[in-house]
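Some structures are shown below for you to check.
First chain A sits with chain B, and in the next complex the same chain sits with chain C.
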Partner chain A sequence: MLELKHALDAKGHCLLEMPSGTGKTTTLLSLIVAYMKAHPLDLTKLVYCSRTVPEIEKVMEEFRKLMNYYEKEMGMEQNILGLALSSRKNLCIHPSVSKEREGKVVDGRCYGLTASFVRARHAGDDAVPVCNFYEGFDAHGKEFPLPPGVYNLDDLKEYGQAKGWCPYFLARYTITHANIVVYSYHYLLDPKIAEVVSKEISKTSVVVFDEAHNIDNVCIDSMSVKITKRLMDKCSNSIQILETTISNMKENDNRRLEKEYQRLVEGLRDANIARETDMALVNPVLPSEILEEAVPGTIRTAEHFVAFLKRVVEYIKTRLRVQHVVQESPAGFLRDIHIKVCIDRKPLRFTAERFSSLIRTLEISDLTDFSPLVTVSHFATLVSTYTKGFTIIIEPFEDRAPTVSNPILYFSCLDSSIAIKPVFNRFQTVVITSGTLSPLDMYPKILDFHPVIMTSFTMTLARPCILPMIVSKGNDQVAMSSRYETREDTAVIRNYGNLLVEVAAAVPDGIVCFFTSYLYLETIVSSWYDQGIIDQLQRHKLLFIETQDAAETSLALINYIKACDNGRGAVLLSVARGKVSEGIDFDHHLGRAVLMFGIPYVYTQSRILRARLEYLRDQFQIRENDFLTFDAMRHAAQCLGRCMRGKTDYGIMILADKRFSRADKRSKLPKWIQEHLKDTNCNLSTEECVQISKRWLRQMAQPFSREDQLGISLLTLEQLQSEEMQKKIHQRAQAA
Partner chain B sequence: MADEEETNEYRWESGYEKTWEAIKEDDDGLLESNVAEIVARAKRKRAALKATGAIQLGMMRHLFVVIDASECMFLQDLKPTRFLCVLKLLELFVHEFFDLNPISQLGILTTKVKRSELVTALAGNQKKHIEALQQMKDTSCEGEPSLQNSLERAMNGLKNMPAHSSREVLVLFGSLTTCDPGDIKKTIKSLKENNIRVSIIGLAAEVRICREIAKRTGGTYNVLLDDHHLKELILNQVQPPAVAGSMEASLVKMGFPGGKTGSGDGASDSAADHAPAYCLCHIENETSCLMGNNSGYNCPQCGSRYCELPVECKQCGLTLVSAPHLARSYHHLFPIKPFIERTEVPEMTHCFACAKPFGELDPNVYECENCKQIVCLDCDLFIRETLHTCPGCASDPITAQMKTN
Partner chain C sequence: MDGNDQTCPKCKTTKYRNPAMILMVNACGHALCESCVELLFAKGSGACPECKCPLRRNNFRIQLFEDPAVDKEVDIRKRILKEFNKRQEDFSTLREYNDYLEEVENIIFNLVFDVDSTNTNKMIDNYKKENKDITMKNRNRQSQEEIELEELLEAEKAQQSEKANSYVNAELEEKKQKHKAREKLIDELMFSDADAKSIVASHVQATAALAKEQPKAAAQAGGPVVKSSKFSSGIQIGLRQNTSSFLPIPKQQDLPLFHYSAPVFDYNGPSPPAIEVLGKLKYFANIRAANATERAGGYTEALSCCRALQEAMGGLFYIPQSGHKTAVAASAEETDDMETA
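Now for the complex of A and B:
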């Protein structure tokens, strides 16, 4: 809290690592709200970015509790408005649209009902359907702002139902004057969406990125484009549709096209005015100086533009017809496209804007058909805007199946700082926090910012509720490792199997295992099957395996939870970096032990990764090996952190690889895990590990009451105010 | 896993035990004060536990003990094996149980290979149970246990017991998994409906479903640390539990057999009472004893003869007890109030009960609320656990009079 206050005072950015379940969210919320109350001018808004919808809901619950407490203590209604925002899919209350499952379809249908020209047409002709909720909101909603309070997604929907207003647009409108906004990363990081949603958030806001250990990957993903052959085929189709629509329109209503032409001559967009003040978020896709220019003549008329698009698409198609892997820089790509099909850099830059303008003019209400073209136009714009930090890789086939031709063009962002830079520049304080951020010094480097505060917190606990262990050898003293040279070794695989069987016999309820990749998981499980280890395992627990299929995995998860609940016990085999390792918590009995088989290095043969490593080395002086270890360890920590979700929880963490005990790996674990990782537990054999776990499990099973925590990890008001405690706090503050 | 070799494991093959870690030296490098400190702390803890003075009821208990006999019971973390250790402690438990709850009944179940077997039916005869336990030592442990099956079976046995008695199940569970035929949640629900309390002692680690069962049925769930702790946990179950509110109060018909009174002192005794007869409790066994005139107890209702009390009459179903049995159960109804913990009282230097001077080890003394006498920690525990009456109050004629009134 103290550190956070420092950061707020300094109006700088900070990086905090706090173990999960220790009240991270509450701390952040309560301090920032208090700060807002104390300095209403310095700090006007809190933007809390989280990863998934359930996490957003959790934050809202915490906030509601905080507000209730404020009300109880202060005895009056608080004038603070907090709300959650999610996609249309989660907020739509339109009777038929909300039934749709896929987010894109909902977006498309909503657009078809609420776009301005549809509504204009509706005014003339009642047969054209519009969304009543949006109409209701547009008619009345803007005059009456949302009353202060806490609104999560369901509350918004309820409120929308009651008033007959569209909750999605209501929420989007309310963002501008709400005090606390909770939404997903993408609304702030993805330049395409940030443009629409977040541009009016004022400068004096605090932005919090929760669960931000993967933030660099999110940044990169939001700036990268992947083009496949199928996508290009679809593009050709939609271009044909465009052509026919344009020619139709030309016959019927030439005036509109002309009007558009005029507008384009004058400048790209009428919305430019907002951009000149510093109120708006700068679009990293298009530097603002371009926006003020007029659209180049070659693509001003609709037909020319479509012909232009066609050329681009055809060009990319020819590029995809390669036999070997090509890697080139955006500059090389631009030169090539200029030579081959005579397309300049400048019109390419305007493709995305020009395309959306065309769509608007043509009054195409169903956007879903055009999403491939949108992708291509984004690609064109990005490739011509940025010459640094990006690379283009064309692979004629996948590595796994070299015979099947499946050409893919990756336009990949190498520099994660590009997407997040506007966020850092714009907001006075950005807080990046997660349970596992170690090693902390890597993040400022790869995100290219200068934090004022960078701290890793540990837990104060009444009992040692995590037991991290590094198991380096089996009972036969053969070293365990997932190193490339030894991963096929049957002795190693057998030792891994024995470790799991013994742990399964000693640990109750749920056990989660993480492997380094799906491939490795499959080979190991098949050889375990031959060695009879699977049979042994199933005597103790049921076995579930994560696969790449999301539906299958969620079914496995449901049954896993069931097996843990009714006492049969279960083992879940999953993959680091998979779905299970990222979003799903295994609290209490669902994860009494986590096993990490091997170090989850990323697949180093991937060309994208290699390009990124090279870039990092050249630009930020980060050695390849450092980054790989950092990446592997943060994923390992993330997997381990799955089992620990609060103070009353307890779990065993087993790192089964010899290499974990090396200093460079060990020191990269989060502080709260390192603290419990004693030297004696760093080089264990299977049997020693089981002995230690058994004894520890018995200790943990002893009744643990609230009184035991009092004074250690839980303080009453009197204890907090006592002199001794004050002294302690002071010391801590001094030390930090 | 339970091969022949493994069961005959040598001492040096079994787990590492760092016995020295529990011991710490004090400032002078001595161990003695430390040990004494540990002992005193354990005592205080026990006293604190006992001090929670809810009114204890449930003099008539019907308890099923379920013993896990799955393959994991062959593990040697309790010496010599978990199974033998548990059986041995249970013998002690049975003895203590009938000592403290003379008019209660006990039955034993085992569970292995996903099934559940009845070892002894509910009965009030402790000899039979102890014999059965001793016989069980030779049986093998195999397969997986089934919580659901054993709970169902216990429930079937307990369901028909009268509503005024408390119905309980105590499970000694070594395994970390249970292999059930159906949904155990339904079983928990019907256990709750039938007012059956399930307490579980885990021998390995905290299993979530056990905690759930214990919580839902109002029982306790504990996991042992070592064999001493296990003994303590098992013996804690000897104390009758506070009764759930829904138990109905009712008058219980009981018979007090005349027993060994000399012949010819009453016309009320019919001639049949004194005729030699087979004792009914052993009638099925080959070792049935023919009893003479003066031994054994006759049921006052139907005249069947029994060699031991307390027992439920096999002919007419009457509960046969003797007056001392009832009296021994009586203190559960009126437990003595917990003594007040005081720091040193200057005017009293000796314990009222044992007349030892108050030592330096334990600075606290305990005072009875009624008679204001002061005793030491040891005596406090003794009074609470064994005596069930305060020596101060008993020796003071006025308070003693009050109490009997």
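Now for the complex of A and C:
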């Protein structure tokens, strides 16, 4: 809190590592709300970004608790409005649209019901369907702002039902004057969405990125484009549709095209001022000077633009017909496209803008067909706007299947700072926080910003409730490692198996294992079958495996939880960087032990990664190895952190790889894990590890009540106000 | 899939059945496979089997795009853009430039879809006549954008090679240093009398210090310096090639400015009378006066007379001193020598 306040006072950015389950969210919320109350002019808004919908809901619950507390203590209603925002899929209450499962379909259908031209048509002809909720919101919603309070997604829906207003647009509209907004990263980082949703958030806001250990990847993904052969074929089809639509329109109703043409002659600015519902297609960041310029004459009329798109598509198709891997810079691509199909850079820049304008003019209400073209238009705009920090890689086939032709064009962003730069520039304080951010100094480097505060916190614990251990060898003294050379070694695989079996025999309830990749998991499990390890394992616990299929995995998870709940005990084999490692908590009995088999390095042969490493080395002086280790260790830490979700929780963390005991790896673990990782636990064999865990588990299994924590990790009000404590706090404040 | 569905419209060969099949296109934008082209256009020219328009065999090119129409369009576009190559700099406003671009696009469109081709061709001819010199000039000139791209590419190339070199060097250096440190440690352990533990400890410290220094050095180097081609104001350093069709003006050396001072002649004799007073002194009495043609060329009798007088008097007092003098001096020295001896 102290550090956070410093950052707020300094109006600078900060980077905080706080162990999960220690009240990170509450701390952030309560301090920032208090700050807002104390300095209403300096700080007007809190934007809290989280990753998934359940996390957003969790934050809202914390916030509700905080507000209730305020009300109880202050004895009056608080004039603070907080709400959560999510996609249409999660907020829609339209009787039929909300039944759709896929987000894209919901968006498309919603657009089909609420776009301005549809509504204009409805005004003339009642048969054209519109969304009554949106109509209700449009008619009345804007005059009556949402009363202060806490609204999570369900509350918004309820409110919308009661009033007959569309909750999605209500939330979007309310963002501008709400005090606290909770939504997903993408609403702020993805330039395509941020432009629409987060445009009007004032500068005097605090932005919090929670669970931000992967923030650089989110930034990169939001600016990258992947184009496959199939996508291009679909593009050709949609171009044909466009052509026919245009010619039809020309015959029947030339007026609209004329009108658009006139508008484009005048400049894009006007074209950009459109109704909020028409923003279904949005553009990647364009330098503002472009928006003020007029559309180049080459793509002003609809036919010319479609022909232009066709040339772009055909050109990309020829590029996809390569026999070997090509890597080139955007500049090289632009020159080549100019030589081959005579397309200049300038009209390319306008592609996305022009395309959305065309779609609007043609009044196409079903956008799902055109999503491939949208992708291509974004690609065209991005490639001509940014010449630095991007690379184009064309792979004719996947590395794993060199005989199957599957050409893919990757337009890959190498610089994670590009997407996040506007956020840092715009808002006075950006807080980046997660349970596992170590090593902290890497983030300012790769995101290219200067934090005023950068701290890693530890936990004050009443008992040693985590037991990290590094197991480096098996009972037969063969070193355990997932190094490439020893990967296939049966001795190593057997030792991993024995470790798991012995741990499963000693540890109650749930055990989660993480492997470095799906491939590795599969090979190991298959040889465990041969070695009979699976049979031994199933004598103790049930076995569940994560696969690449999301549905299968969630089924496995449900049954894993069931097995843990009824006391049977289970082992879940999963993959670091997979779905399980990101965002599923194994608290209490669901995860009494986490095993990390090997160091989860990324697949280093990937060309995109290679390009990015090179870029990092050239631009930020980050060595390849440093980055790879950093990335591997943050994922390892993320996996280990899964089992610890609070102070009353306890869990064993076993790092099964010889290389973990080296100083460069060990020092990159989060401080709160390092603190418990004693030197004596750093080079264990399997049996030693089991010995230690047995002793520790016996200790942990003792009843642990709230009173035990008092005075150490939990303070009563009296204790907090006691003289001794006050002195301590004072000292800390002085020191800082 | 992937291009295997390409079919020759004439002989119906597909890419799947004959992987070596190559489709060709001509000006009309209809595809034919290579063998059909050879068969039908054996004489060098013929009609397109689809649209019956007369074609030459030489104009067949390999089809680049999946859609032959695009090939045709690109072909026409290239031809047209060769003529219509005005740049934004040639227009006073952006609006005019955009209008011009649209017109060009219209022309290309008309040609591709054979709309109103007579009028369009007339328009092209008119344009050609009117803008002959601009077209010629622009042909040699690259547009601003192209130059920018070119520069970017060049910078990238330079950077890449330089970086590759520097990193290889740095790595080598590091290896060498490690090797050296190790050898030094072994040497010390072998020959020094000090406690082995303390030697190892000091070695560990030294390597740690080195390791600390290295990242700093790397950071200081800050990557190889890229030769900047622009001032901070964005103005190019040095002359850029291809921007103008003029020869560069040869550079002139900076010398001190010229000051005239009348030459002073050393006649080495009695000074001849000045040219202005020759007439008064009646020198012209004895020489032929300049005739009209000579005077037209700027000749006067004074010139030749003055010259003759200068020649006559110059050098009258000359005594070939130097040679004589040294001889005398030498003999004098000789006598001196003899006296001392």
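Going forward, the second predicted complex is superposed on the first by the 715 of 736 C-alpha atoms of A that agree within 3 Å, B and C clash if a C-alpha of one lies under 4 Å from a C-alpha of the other, contacts with A are read in each partner's own complex, and residues count from 1 in each chain.
Following the convention adopted for this analysis, a contact is a pair of C-beta atoms (placed from the backbone, for glycine too) under 8 Å apart; a residue touches a chain by one contact, two chains touch by 3 or more.
Bear in mind that the values here come from a model prediction, so they are computed numbers and not experimental data.
**Q** Put the two structures on top of each other at chain A: do chain B and chain C fit, or clash?
**A** Chain B and chain C fit side by side in the superposed model.
**Q** Which holds for A:Arg698: it touches chain B only (first), chain C only (second), both, or neither?
**A** A:Arg698: touches chain B, not chain C.
**Q** Using only C-alpha centres after the superposition, what angle do chain B and chain C make about chain A, to the nearest 10 degrees?
**A** Approximately 150 degrees at the chain A centre.
**Q** Just to be sure I read the superposition right, which of the two partners does A:Ser667 touch: chain B = first, chain C = second, or both, or neither?
**A** It touches nothing on chain B or chain C.
**Q** Of the two partner chains, chain B (first) and chain C (second), which one does A:Arg311 touch, if any: first, second, both, or neither?
**A** A:Arg311: touches chain C, not chain B.
**Q** Between chain B and chain C, which makes contact with more of the residues in chain A?
**A** Counting contacted residues of chain A, the larger count belongs to C.
**Q** In the overlaid three-chain picture, which partner chain does A:Thr176 touch, first (chain B) or second (chain C), both, or neither?
**A** Neither: A:Thr176 stays clear of chain B and chain C.
**Q** So, A:Lys541: does it touch chain B (first), chain C (second), both, or neither?
**A** Only chain B is touched by A:Lys541; chain C is not.
**Q** For A:Gln161, using the defined touch cut-off, is the partner it touches chain B, chain C, both, or neither? Pick first, second, both or neither.
**A** In the superposition, A:Gln161 contacts neither chain B nor chain C.
**Q** Figure out whether A:His588 sits in contact with chain B (first) or chain C (second), or with both, or with neither.
**A** So A:His588 only meets chain B here.
**Q** Please give the nearest C-alpha separation between chain B and chain C in the three-chain superposition, to the whole Å.
**A** 31
**Q** Of all residues in chain C, which touch chain A in the complex?
**A** The touching residues are 2-3, 64-67, 70, 73-74, 77-78, 81, 94-95, 97-106, 109, 143, 145-146, 149-150, 152-153, 156, 159, 163, 167, 215, 218-219, 222-223.
**Q** Over in the complex, which chain A residues touch chain B? Could you list them?
**A** Within the complex, chain A contacts chain B at residues 505-509, 536, 539-541, 564-569, 588-589, 592, 687-688, 691, 694, 697-703.
**Q** Which residues of chain B touch chain A in the complex?
**A** Chain B residues touching chain A: 1, 15-16, 72, 77, 144, 147, 176-180, 183-185, 202, 204-210, 222-225.
**Q** Help me check something: in the complex, which residues belonging to chain A touch chain C?
**A** Result: residues 229, 236, 265, 293-298, 300-301, 303-304, 307, 310-311, 314-315, 317-318, 321, 329, 331-332, 334-335, 338, 340-342, 344-346, 387, 405, 407, 617-619, 621 of chain A touch chain C.
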